[in-house]
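Input: a single structure, listed below in structure tokens.
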Amino acid sequence: MTTTIESFTTSELMVVAGARELRDGELAFVGLGIPQLAAALAQRTHAPRLVVLNEIGLADPHPVAFGVGNADPRHWYGASFMGSFNDVMGKLLHRGLVDVGFLGALEVDAHGNANATQVPRVTGGIRRFGGGGGANDIASLARSTILIVRHERRKLVERLTHLTNPGFLDGPGARERGGLRGGGPRRVLTDKCVFGVDESTARLVVHSIHPGVTADDLREATGFALDVPKHVATTEPPSAEEIRLIREVIDPERRYTKSL
Amino acid sequence: MTTTIESFTTSELMVVAGARELRDGELAFVGLGIPQLAAALAQRTHAPRLVVLNEIGLADPHPVAFGVGNADPRHWYGASFMGSFNDVMGKLLHRGLVDVGFLGALEVDAHGNANATQVPRVTGGIRRFGGGGGANDIASLARSTILIVRHERRKLVERLTHLTNPGFLDGPGARERGGLRGGGPRRVLTDKCVFGVDESTARLVVHSIHPGVTADDLREATGFALDVPKHVATTEPPSAEEIRLIREVIDPERRYTKSL
Amino acid sequence: MSRLTSLSDAARLINDGDHVALSGFSIARNAMALAHELVRRDVRGLTISACILGLEADLLVGAGCVGRVIYGGGSLDRFGQLGRVNEAVERGRIEVEYMSSLAVTFRYLAGSLGLPYIPIRSLLASDLVAPLVAAGVAREDRDPFGGEQVVLLRALEPDAAILHAQVADADGNTRVLGPRWDNDEAVAAAKRVIVLAEEVVEPIEIRRSPELTLVPAFRVTALVHVPFGAHPTAVYRRYDYDAEHLALYADATRSQRTFDEYLARYVRGTDHAGYLAAIGGAAKLATLTADPGLGY
Amino acid sequence: MSRLTSLSDAARLINDGDHVALSGFSIARNAMALAHELVRRDVRGLTISACILGLEADLLVGAGCVGRVIYGGGSLDRFGQLGRVNEAVERGRIEVEYMSSLAVTFRYLAGSLGLPYIPIRSLLASDLVAPLVAAGVAREDRDPFGGEQVVLLRALEPDAAILHAQVADADGNTRVLGPRWDNDEAVAAAKRVIVLAEEVVEPIEIRRSPELTLVPAFRVTALVHVPFGAHPTAVYRRYDYDAEHLALYADATRSQRTFDEYLARYVRGTDHAGYLAAIGGAAKLATLTADPGLGY
């Protein structure tokens, strides 16, 4: 049995919630920051055989320090395989062998489609970002994805500025009709809740609300129509051991988990 | 000036004639035996920058001993690159970068098409051989090929048992119409003569006759219609230096050059 | 997680009727120890494939394990022909998908990348293409952008790939030294991967030079530690081919009778240790040890 | 035959309007020294491509050398965005072929193999595909064998590929350590290849471990020996990225004015030695030396 503790940051809760969504033995792409920490936590708890892939061209690193992105050699340390982008994204992902991609997004809609390209400027025109890179490939081809996005009206939107990474498109069966082989989103993780997917509608539904967040808070911060069931679970808080691992082993510099 | 010498074997003459067809700086596939010795001789005379490729997945070996085939590590020694079949046959040959393939054949026809697959048995039925391997790819895609075949009626044929490796097919322009990117045969080397190609007919024509061979000998030993021009060159005999290199450096055990 | 297992357990991963991509190229790095085990288990109806077939293919065909072969060529180099393969083809005893070796490799490449098919510019205008079109594995087409003529080849996704390697760690991370012919694509295209390794090293060894890893552990289904598991074929930087035994095999494979005698003497009713004893044991193997400088 | 030459002679191999495949991935192994030289020569109208753009791409775009970009993404990782690239795209100042990074890599792969096109299973049903179809570089189709939906991508054959590598010999045989992202395919697809090497070793070194050779000499057009030629980006097992200078650059690239000041201070009117002096010289570089065990 685990003892839970009172004081934790929202980002620590998100790391823990993310870790619990990753399964032992899975092949996973994990984005920078919270997804990466979640994978590190999962490997140290219930998923020791979780294998992390890096699209830059390597597999199963065991970093002893966290860096600034996929291109930071700190994230390459201890890898069992170093090759090419194609070795990982072609021979594993496109081949259909990757279980899950844990990805950030600029915008997510009610069907779990995501924008990783550009957003409108309040001053007019568009603001371009770094682009999706391999995110479209992962969203199209991985057996499942977990999306992470800040819970704001401008980010959980009714209509995407750019559909970069397909979720369930416009509803049930649409991925299959579109020729997409991957399974689509299985969770969307925010700083207010964890979304699951209603199979009958292929829409996001609240799976659990983070402690201290109300149904009104959620509706208020969500840009698409959302009904929050009366009886909805509370996201399980971190255990003392999970907090210890995060603070002492995984993110001792508190780079990603000090606050949100 | 080079001094020529009186006593040499036909296979030594073929090695020398083959070497003279290889140019400095070319990327070349060379078959086992005489083609390989020809490349080794060329590298030690006029073509020091001739690069030998091995379809098994390596480039620019510098063997110190000759072995039994492409799969013999003796032929891998000193390579600058070791990778895959695809690295050599895909990224170099199919990419259009290979200058010449120097290949043997079971049968060759008047248009330089070759059979590397099977021949009829005198007892009826077919006799299957090892197959072409990458020979069809080389014949289709290399900028040029040099064929080597024993000069016999059953090998220089009017009609092939199997068109494994395309030459000029049925005449001028046929390769282009067939979608073949490579240039086709530039020479056919036998133990009796060297064939060139008549561009107007895309047929083999006698380029030079080996010393001591008569026009009648050629016609007698050739299975397809062949007119031998009155004034035809004699294949230039080996120089003393070429013979020294063959006997002392390249094939000291006389494995391929003792006799034909 | 260790993927180490025994030869016999690894052989059980191959089922009757499976498509198996083989390891060897002519007389180099054939996974002989596993081929012997498959013969002992009387596996039937295999489809075998390789860009260039080697001794292991001839042994499997001669022993009646094979119903179909997908290949570009094959021999024992100057030691001789693949007598059992060639005779089976001549007599129509096995189905054949015969193409260029690059065509085989491109079909593996397509499978390794999850592509349904891939275009190629060879095969065109040769006698190779019609039977492939008839078999439904190729079709002539034009590049929809530039209109160039190509042959479309259907992807190959073997049920299993067998790989004989110099080095692996117990997890299954596998390193191959020297040229790799079609191993990269065949292994990546396969559903199951069986690795035979001459040496099993500590994981740290692999992780010190991960650029040399050909197969990451999570792609390996079973790993068997089999010193001299490729004999009589060559394993670069470990041991040379056994010229004496290759000559003996090349003679034996000329007829089914002499081939069956070979099986009875060297393969059936024994195991890998018994095989190594029969071919001359430690004394013979010592003569094959590769020179570290030359690699053979 | 030595292919060693100077940075300025190597830069002359890039002509106005060429399609150039770049070396770097975000903040790793960017061929900065050559990018600086191209800026000094005021090259114009380049098409640049990479699966993930890095600092070198931002510098070339900001300096006005680029007319078109083919990419899947790009950033300075947590140091910031590619300000010059993003602004040029926002304002429509350069043409864009924006797709997934695997699409870029598959297009290089097709070019590297001499395939006119290659199918892919991503891009489908996203907003990425329509502009590519409109640009004539992609089309939706069905696998003629199984009827599956695919997008056909036109091959990329860059006029030149630039590769920053750890090690080469004077002939040009080039070795890259660590992950290689799209370098393998981009270099093999290119008509000309320019290699910048941190260290030039004896040919025997390369031929001792030819499995590590990424580019054989005969594919290399020019080789330049440029220690710290990738600064401020990281070169695995040689030196770490320069966090201080990357932060400085990330600030500078937020506006054209500050970017132009950066060029004036670090790039224009000097050479690679001058650049290294300006960023802090030997003392600064010493702090970046990689730990042999960690690789950074």
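For clarity, chains are labelled A, B, C and D in written order, and residue numbers in each chain start from 1.
Heads up, the rule we're going with is that contacts are C-beta pairs under 8 Å (C-beta built on N, C-alpha and C of every residue); 3 or more make two chains touch, one makes a residue touch a chain.
Not measured: the values here are computed from a predicted model.
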item	value
Those chains which touch subunit C and also touch subunit B	D
Identity of the chain that, by mean CA position, is farthest from subunit B	A
Separation of subunit B from subunit D, taking each centre as the mean of its C-alpha atoms, in whole Å	41
Subunit A and subunit B: spacing of chain centres that average the CA atoms, whole Å	59
Inter-chain centre distance, subunit A versus subunit D - centres from mean C-alpha coordinates, in Å	29
Multi-chain contact residues (two or more partners), subunit D	114-115, 120-121, 148, 150, 178, 211
Two or more partner chains touched - positions in subunit B	58, 82-83, 86, 90, 94, 141, 181
Chain contact topology (line, ring, star, complete or other)	other
All chain pairs that touch each other	A-C, A-D, B-C, B-D, C-D
Of subunit D, residues touching subunit C in the complex	114-121, 136, 139, 141, 143-146, 148, 150, 152, 154, 177-178, 211-212
Contact set on subunit C toward subunit A in their complex	1, 112-115, 171, 173, 188-189, 203, 206-207, 210-211, 213, 216-219
Subunit C partner contacts - residues on subunit B that touch it in the complex	32, 54-58, 64, 67-74, 76-77, 82-86, 89-90, 93-94, 116-118, 125-137, 140-141, 162-166, 169, 174-175, 178-181
Interfacial residue positions of subunit D with respect to subunit A in the complex	25-28, 51-52, 54, 71-75, 77-79, 81-82, 86-87, 89-90, 98-103, 105-106, 109, 120-128, 148-150, 178-185, 234, 236, 240-241, 290, 294-296
Sites on subunit A touched by subunit C in the complex	27, 49, 51, 58-60, 78-83, 86, 90-91, 94-97, 141, 181
